[in-house]
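Chain lettering (A, B, C, D and E) follows the sequence in which the chains are written, and residue indices restart at 1 in each chain.
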């Protein structure tokens, strides 16, 4: 077994196990940390695939941004450290079953399909290309979506400010 | 003559009613509008006769305006004798309805507006030659009824209004599906009644669409077992509402059954005729027997309407020329008669504050005019010669008997039997209200006022005009039914 | 390129422009609501008017953005609806502490919808869909001190995030199976393989979620009920309209090779949608919630029209949405006025309203009749054309069910009419003071409801756009 | 064991997806539900990247898609957290069961 | 040929009177309406006389022609079937014109005094005019449907007149009963018309009779071969038409309305329920006689039997009744039975048509003496203010003119020569003797009963006991207006028998010699006289002979007294069966089943709506679960099941 293969399996294990922990841990902070590891694991897989740029973004945005946000919000809502109320067993079992069936179904579909796997697996995107394409306006240019996302971020920002910074005192 | 005038006048009246400043103005505007419309209808009759005399046949005064060209919808109007008869009926009933509502105090403007709107729908329906606008006008007439009953009605009005609106909408839903079936079956996408009637619709289409259309329209005209909106609706409605309901609205269904279902789909008409006849015979007898047990005057008339409208459907189901003519005559006759009946009931109720026959008695003493009208209308209902009911029923019977075959014969005889049952309940009702000893509290009740007299006179004129001299109506209708029957027999 | 850009994207640019104006206003000293609101209304009117000029068809950004006359018209319908909302909800808006932000977010969503309509590939579609959703989730919470408002926002954002996940999963599979996200290239690559179908169903479900199709509709009522009425009306009219447009475009243009599948899906789902929407609407007391379910049922009818798969279906849907804008906004407008001034929101509260508020009652009645599809209101034509379009495939049972559902829906619309006109109440709603702009909007809606059907050239115009 | 390839990654991503779904269904804490959503989005991203890498490497559609998804996820999370915080203020709880006032 | 205008005027004058008095009577002619009506009718009577004179003096080769004076189409059904309004002039219609106008005139005059002071004086005359108009229209009918129309109108006016005292519950009940029972019979008539019109292809009497009596015509073959329940269509048709006639003519079992009809004013009873309307059935059979006799003799035989049975049945009841008008009513029924069985035993043409002539003759004479009886009874009632025999007695001195005229009438009806009834009854008996022996014996017995009950009546009114003192002495006999008709009718009743009736009326229009045999007459006259004698013995003086007899008969008497419980039977049928077994279930069915289904649909919808509300649980996770299930449901359907 090659080294990269081992690395891959380790990453996969990390991702899946922390993912499972993230949705099952009873301590919310622990769940958040597990999520962090799962995201890092995914970033690792990106690296493993030679998609460094996206891996970097993943780490910056997710690990550095979203998870931090989540942890902050955990503190803000004062629920850190408490044990979370557990779900009814019936629903848990049902959900697990549903998820598993869905998982199986998806896998069946994926494996039934014959993906035309490319011969040329060495092609990796270069950061410079990504940059030009991101701001390009012609064919294969992603300037418009980029602008769109910026509008969205603006809107989200304003929305967050208004909602979270509620000035009026609590009435109910 | 421009048929759009028939739509324009009610529309104008409605607008003027909305703009009126006080109750008095509302009433007079409506009265004027209805009168003008009646004159217009009579003028239409005159021009129609003139045109017929000069050899014109089929649909006269046709006008076509493109409306939704994508769908092939045209605003296509025209009249033949059948439609004209219905228009005349509507004009009479509307005028009378406006007159008997003279002392509606509550939301007068809205009341008259809805009345006029309802009549607008009816006129539009009768002159439509395009199935889409026919359907359009059919549905226009539903909501005014709902509101009239719900707002100005009495008794369990909300229940009745709901039931009526829902059942009628259900009926029109079936009509819609039937119409669409017809629409898509032809090579050409058209709603035009005349064009469609010239196509030979495929047997399958006919087989599916005919019952849809017939039952759909049948709901409007109290086809058994879809009649249950009739008693509740009529009894809860205000006087003019009941008049319009029974006098005009139920005729929309009969007219639709004849003009749309039967005319367009002759093969299916033959195929389904036995079912129609069974249902209508049941309606006739069953309605009559059910009437016998009613104690409320309005219920009596409502159930008897079921019975009488059964004759319309029976006539249509018999598929002979005379029977079809009879069906149309019965529509006109029943429209006038039942409107008058409801008007009289309204007048009685207004004075005695009861509609229970057992609580009245001897009213002839204090209100001779009203009871005389009650008598006449009752006699018309039980088919006395000289009044319109007789003419219409006899024409139906005569036409029904033209259809040989034991089944049809037995159905006809069954239908004939209703004349006895009708006599029983009508005489019972009249005997208990108008005759017998009078109660103390009813002794000094006033007789009809001018508007009521005029209203009764208008309708009575119609009833007598048909009853005493039926030939003009017969001559008016027959060319129309001839066309239908030619189509049915494949000539 | 630049002039092309200016002309082809004029509507998007105008909206962006307004957004930035609002942003500067917000950042700057801030203007009183009384002055700001007319300004916004004016800007929105401009936005609407501009839609009628300089129309040109074309493609930008290498196919990511395209526009046609029909798309311009669709966007205009949305602009109009937004303008009407800004007129109708003045009462609530004036009281708002965050007027500028509110419009900023709402217009962002509108911008998202514009882009969604013009989207040329799945990425653009996804992004604009999110742009059209996330800000709305935020403004759903703008009744900041109301519990229900935040609950609604929460349900909206979580549900739509979940649906985004499903959508994205579908898109990723589709991408894997075809290698493209471009709308133009996709149809040729669709061969109906199971995986493609699988992916398509995921996509379809996401559409269904946004359009509130049963069983993906469950968030709708709660969100409608909890959100401020301005947001609810925006959601139910603008958002639904936009999704309907893109949905029908996607099905007709992109997924045409799968027509057999989606036709059957539409039949099943539209029956379910009409039935469930109607059955739930029957039992509602809260007016907004009632309208939510009724709008679900309306969506069922839209599906009937879409199922035709023919240009008639497209034109009928556009026409219906146009009518729906007027009808629904009129109903919401009345509800807003009442709720804002009296705090009453249930149908029982409307009892005996006619005595005190005849104008509002009539507007409400006409709007409800239009929604129920009663002539001569335009709703009749809208619904009839939808059904006619759907009937072209001649499935009698389907059409009968649709037609009978019209009857059920009539029942509950009449329930409201009955409360307003017939029932008596000890404490009817007092006389509502109708602001001028709201009155204008209600009149516009009323006129639209009455005239859109009778004036057939509107429909002809849509048909000419569809071609 | 085989050389890891497309299907391995697809399995991971599918697993993550349904782990997310499971979490979404069972977690009662709103923030943890949000975390489940993040898992779902990440699984999608993984899909995109994998397909881009193994099946359609000549264009970077998948890459860009996942880039934008990350951005959207951030925005979505931000708004969601803002809403959750607001909800917390009014309900004093971030249990999803406590926010079920509107029903039927 | 005479001017059709005259003929048209005969019915139109009363019609004009009806319209005038009906519309404006209460306001403008409150006092004068009686005079106006009488004058109008006098004119009509004059015209009738003129027409009759003109007609019977213009025989064409010994045969009176059937002519149509005028006719115009009223309602056209098909090319051949149409309702035409016209006047058919033949011997029987002319004879009926005379009878109707004459009796009606008498009643009009009589009523001037009798109904005076009544609040609805004008209305009363309007009704009378309406009746006269309808009756004249009926007898003149040239079209089968026309006769039906006037038939109904006659029924209506009868209804109105019986219910004239509308505030009396018994009158209301009686008028309803009369109308409904005859309506029931009319149903048969109507169906009969439908059958006949279909097979003959026409409604016109002349053509119809012609077609249906020509055995070789195609229509005829159809009508004979088409059968239902083993009876040919034509027989059904004629039998059903006869049911209509039997209803109007109060034949068993449709007679129950007639005695109750006596609730109306007495002159009305004289006009409608004795002289004219009730013979409409006889007239109808006579009108269609060729068809009956030539095509459906079996039906004619039924007619005969119904007539004979009704005659004796009614006579028996008449013997027990105490209300004088009811006695007269049953006597009417009995006499009409005579007329009908006379027709029943008759054949068509020549000598064989004796029964026909006899029937018409009896109709004619009966009109005279029965009207007289009723008017006389009216005078008595007017005087004592009661209908019951027990309130009367010994009135012969107080009401001399009434007494004499009444006696003449009694003698006439009892068949005592030389009064009118004797001649007509003789002819009937002779015809019966020739035609059907059983019927003849029944008839003979009935004549005896007739004589008995008539004189029972006579003695009870005018002899029996001394008048009670409470009678209003100075009330008198009612003056000239009431007496004149009595006298005129008495003359008629006494002398009408000498008219050579056979010269004018016969089954085929040809003259028929009278058949008077002294030997044959002996039996009936003797029987009649013995009946009178029995009555004399029992009722001349107040005694308890009658009561004793009644007691000794016991149950039989009771049964007869209660009119064989036919009324109760009807009551049972209508109340228990029609109302309880059909009407009530129908109403119940409508309310609970049909309507119930509609409501159940509504309720079910609401219920389902309540049942599925759990779907909308308010929990966002459950929403997502539904979403998820929806997606995978679609996947399963479209990926696995659908394929």
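To be clear about the criterion, a residue touches a chain if its C-beta (ideal position, glycine included) is under 8 Å from a C-beta of that chain, and two chains touch if they have at least 3 such contacts.
What you are looking at is a predicted structure, and each value in this text was computed from that prediction instead of being measured.
Asks: Fewest touch steps from chain A to chain C?
Replies: 1
Asks: Give the chains in contact with both chain C and chain D, ordered by label.
Replies: A, E
Asks: Going by the touch criterion stated earlier, list every chain that contacts chain B and also contacts chain C.
Replies: Correct list: E.
Asks: Write down the chain pair with more C-beta contact pairs when C-E is set against D-E.
Replies: C-E
Asks: Which chain maximises the distance between its CA centroid and that of chain A?
Replies: Between chain A and every other chain, the largest centroid distance is to E.
Asks: Centre of all protein Cα atoms: which chain's centre is nearest to it?
Replies: So the chain nearest the centre of the shown protein is B.
Asks: List the centre-to-centre spacing of chain A and chain D in whole Å, with centres computed as mean CA coordinates.
Replies: Centre separation, chain A to chain D: 6 Å.
Asks: So, what's the distance in Å between the C-alpha centres of chain D and chain B?
Replies: 65
Asks: Starting from the mean Cα coordinates of chain B and chain E, work out the distance between those two points in Å.
Replies: 36
Asks: Centroid from C-alpha atoms only, then distance chain A to chain B, rounded to Å. What do you get?
Replies: The answer is 70 Å.
Asks: For chain B, jot down the residues that touch at least 2 other chains.
Replies: 166
Asks: Do you know which chain D residues sit against two or more other chains?
Replies: Residues 17, 20-21, 24-26, 33-34, 50-51, 55-56, 59, 64, 68, 72, 75-76, 79, 82-84, 86, 89-90, 99-104.
Asks: Touching at least two other chains at once: which residues of chain E meet that condition?
Replies: 613, 616, 618, 620, 624-625, 628-629, 635
Asks: Pairs of chains that touch, anyone?
Replies: Result of the pairwise touch check is A-C, A-D, A-E, B-C, B-E, C-D, C-E, D-E.
Asks: Touching residues of chain C toward chain E in the complex: what are they?
Replies: Chain C reaches chain E through residues 154-155, 158-159, 162-163, 166, 194, 197-198, 201-202, 204-205, 208-209, 215-216, 218-219, 221-222, 261, 264-265, 268, 276, 279-280, 282-283, 408.
Asks: Which residues, counting only chain C, touch chain B once they are in their complex?
Replies: 312, 315, 369, 374-376, 380-381, 384-385, 387-388, 391-392, 394, 396, 399-400, 403-404, 406-407, 410-411, 414, 417-418, 421-423, 456, 459-460, 463
Asks: Which part of chain C faces chain A closely enough to touch in the complex?
Replies: 1, 16, 19, 23, 26, 60-65, 97-98, 101, 104-105, 108-109, 111-112, 115, 123-124, 127-128, 130-131, 134-135, 137-139, 141-142, 144-147, 153, 173, 176-177, 193-195, 198
Asks: Within the complex, which stretch of chain D touches chain E?
Replies: Chain D residues touching chain E: 21, 24-26, 33, 96-97, 99-104.
Asks: Which chain E residues qualify as touching chain B in the complex?
Replies: Within the complex, chain E contacts chain B at residues 26, 73-78, 81, 83, 145, 148-150, 152-153, 156, 163, 166-167, 169, 172-173, 175-176, 179-180, 183-184, 186-187, 190-191, 194-195, 197-198, 228, 578-579, 582-584, 586-587, 589-590, 594-595, 597-598, 602.
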